[in-house]
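Here come two complexes built around subunit A, the first alongside subunit B, the second alongside subunit C.
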Partner chain A sequence: MNSYLEATARERLARVFDPGSFQEFLPPSARVVSPHLGQLNAPVAFDDGVAVGRARLDGRPVFVAAQEGGFMGGAVGEVHGAKLVGMLRRAIADAPDAVVLLLESGGVRLHEANAGLIAVSEVMRAVLDVRAAGIPVIALIGGANGCFGGMGIVARCTNAIVISEEGRLAMSGPEVIETASGVEEFDARDRALVWRTTGGKHRYLLGDCQVLVADSVAAFRAAALAQVAGATAVALTLSALEREQAQLTARLERFGHVREPMELWRALGVAAPEALPLLEADAFVAQVDALRLGGH
Partner chain B sequence: MEHLTYIFQGGTRRLARPADVVGVVGSGNLEVLIEAAPLDGACSIDIATAAVGFGAIWEAVMTDFHARWQLMDVRIAINDMGATPAVVSLRLDQAVETILETP
Partner chain C sequence: MDWHTLTAALFPHGCDVREEHQVLTGEGRAGAGMVAVVGTTGHVPIGVETALAQARFILQTVREHPGRPILILVDTQGQRLRHRDEMLGINSYMAHLGKCVELARRSSHRIVALVYDQALSGGFITSGLMADACYALPDATIRVMGLPAMARITKVPEERLAELALDNPVFAPGPENYLRMGGIEAIWRGDLAAALETALQLDSESDTRSALGLARGGRGLAQRVIAAIVAGDDVLAP
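== the complex of A and B ==
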């Protein structure tokens, strides 16, 4: 089995990084579980849905984290977030070649309310602190739960995002949009629409992701390695942020009125946008690389 | 949530490695944390399950498990979200096979 989508967080850690190299901080046997879920009479997980630690990627020392989408959709509770923050702060002290985040999360764990919200904001700050220390942070997104809410923001705080076609990246998830704005605005049961709007290919076309790969652990490993090996630690500067803000403003002005992603793809110059969802990753990248926003 | 504890005596096999976890706490699934522990030869199993009122079935599945593996000085902890007995047995066997001492 080589699917990244189908693998658990721990299977991904074992196979994306060098065999046997993952050393976990606060493993399940430490039993650092959510203090909130028990009060709500809800099941806990011994790792609170995230494994963090150090590993090697083709021999390079890296710090890593993997969120488990099977436990509460990978949602971030107080302990879950604190484990991410602790790993990121340790990375600043130990100066590995990079931090690689295997993200799969619906965002904040609503059961934990403000504690979860604060945890996610602390993760954002910690990611930026790691980058400010000159250590690149790479996000991999290819789990069934996608990467939404606060963790979607965390992903966009990193140096680079590697995503599969099956991966999704957004702020509000489809059901949230439908609940808040009505089924006329967004039909969350229309899976093709959901993937056209939040899926990896659309994100790649919009320039929100740096690399699009097929759904395979080997492809994610190779892409992560290329990012770690080639990533020049991008300094966080005011001018770079202002440049990105200008790009986003221009994107909104150009496409803000578009109702359907395929219209946007056509406007970018894609000749047959209806064919894009059916293309394999390599063929897709070959066709759109020169057209996509934020490309090189 | 319901908490259940079972303790079995008379096992003969120890674990080779200190601890491991298999499975994920999700709907119809469970995680099993298995650890070597000095328990005077006993095998202790602690269960936290979201499905209340199935103690008799848990006891039958755990008794079968102990008969199958005969573990000693082992502590097992389970977080369950309504897994069926077959899934429980499967995860327990996976956990043991992951770290049982090879003879």
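== the complex of A and C ==
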């Protein structure tokens, strides 16, 4: 089995990185569980839904984290967030070649509401601290739960995102929008629309991610390796953020009136946008690479 | 509190703040010099335009007024819940705003935030929670998500969540809970101008919220987990 989507967080760690190289910080045997889930009679996990540690990627030392979508959708609670922050701060001290985040998360764990919100904020600041220390941060997104909410923001604070066709990256989940704004605003059961709006191919066309890969652990490994080896201009700079400001402004001016992702693809110059969802990753990239927006 | 009243109280020596599409930008005169002011009003949802306008002002401040302190005024009902904003990549716009605040911090701008009305979730993570220190007025409300949507996602009945929101520190929306968890540095009462002056003098570039949360008894595990991992221990300190 080579599917990244179907693998668990720990299977991904074992196979994206060099065999046997993952060493976990605060492993499940430490029995550190959420202090908040009990009052809602929700189950706890001995890793609180995330594994963090160090590993090697083609021999290079890296710090890593993998969120487990099977536990509360990978959502960030107090302990989960603190494990990410602890790993990120230790990375600054140890100076590995990169930090690689295997993200799969609905964002703030609503069962831990306020504590989860602060935790995601701390993760966001810690990611930017790692970049400021000159260590590149790479995000991989290809799990069934996508990368949403505060973690969708965290992902866009990294140096590069590798996403699969099946990966999804956004802010509010369709269910949240439907509940708040009505089914006519966003029908959460329209899977094709959800995919067109949040899926890896759409994000790649907008330039919100750097690499689009097929749903395979080997493809994610190869892409992560290339991003780690090729990372430049790691820290934030005024000129880079002014460039991003110009790109996001242009995106809004050009597509702010568009109602449907397929219209946006057509406006980008895609001749047959209705055919894009059916293309394999390689064929898709070959067809749209010259048309897609610039990335960051 | 109305933002005109608020800015007048914060800057008795004068300020020039304008509102455009519920985004506030401008400057105020504090004891030690000018302070850049940016934020939102009217509980506006933070959509792509709202995020971009604030980011533009912060970048302009970094470019044209090196080192000038930045005051972020927070009043938002959260990220805009629209299909169109998601299609355009609202998470990228929000992340951009957060990165602009981070750049300002790294460029020696002191960043102070004040929740003067509502703060909610995504609109708060990339504004107030990115500051060196975030403060709140006593009657501010800070929450993660409206209860109906929260009930749908968690499968916990809305009545149960409403009950928890009354007094459970993890669910209740008052600033005192955020204070105890370290998310809010202090609650400002009385002389707002004096409180701002004090905040502008403090120097805390690093993120100390988990340590504050432990010291104040509101978040017992976060700091201990972080410390254990940084120290390479597999056991938490008591």
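Please note the rule applied: the second predicted complex is superposed on the first by the 293 of 296 C-alpha atoms of A that agree within 3 Å, B and C clash if a C-alpha of one lies under 4 Å from a C-alpha of the other, contacts with A are read in each partner's own complex, and residues count from 1 in each chain.
By our rule, a residue touches a chain if its C-beta (ideal position, glycine included) is under 8 Å from a C-beta of that chain, and two chains touch if they have at least 3 such contacts.
On a predicted model such as this, the values are computed, not experimentally measured, just so you know.
Taken together through their common subunit A, the two structures put subunit B and subunit C side by side without a clash. Residue contacts after overlaying the shared chain place A:G70 against subunit B, while subunit C stays out of touching range.
Look at A:R266: by the touch rule set out above, it reaches neither subunit B nor subunit C. After superposition on the shared chain, subunit A has more residues touched by C, the comparison being subunit B against subunit C. In the superposed model, A:P27 lies in contact with both subunit B and subunit C.
In the superposition on chain A, contact is made by A:V44 with subunit B only, not with subunit C. Once the two complexes are overlaid on the shared chain, A:R60 sits clear of subunit B and of subunit C alike.
Residue contacts after overlaying the shared chain place A:T8 against subunit B, while subunit C stays out of touching range.
Nowhere in the superposition do the C-alpha atoms of subunit B and subunit C come closer than 12 Å. In the superposition on the C-alpha atoms of chain A, the part of subunit A touched by subunit B in one complex and by subunit C in the other spans residues 27, 29.
Residue ranges of subunit A in contact with subunit B, taken from their complex: 8, 10, 27-29, 31, 38, 41-47, 68, 70-71.
The touching residues of subunit B, counted against subunit A in their complex, run 1, 18-19, 21, 24-26, 29, 31, 33, 35, 48-50, 77, 79-81. Chain contact summary for the complex, subunit A toward subunit C: residues 25-27, 29-30, 32, 35-36, 39-40, 52, 78-79, 81-83, 85-87, 89-90, 93, 106, 108, 110-122, 124-126, 128-129, 132, 149-150, 152-157, 169-173, 175-177, 179-181, 185-186, 197-198, 202-203, 206, 208, 235-238, 241-242, 244-245, 248-249, 251-252, 255-256, 258-261, 264. Across the interface of their complex, subunit A is touched by residues 48-49, 52, 55-56, 59, 62-63, 79, 81-96, 98-100, 102-103, 106-107, 121-122, 124-126, 129-130, 142-146, 148-150, 152-154, 156, 160, 164, 168-172, 177-178, 181-183, 207, 209-210, 213, 219-223, 225-230, 232, 234-236 of subunit C.
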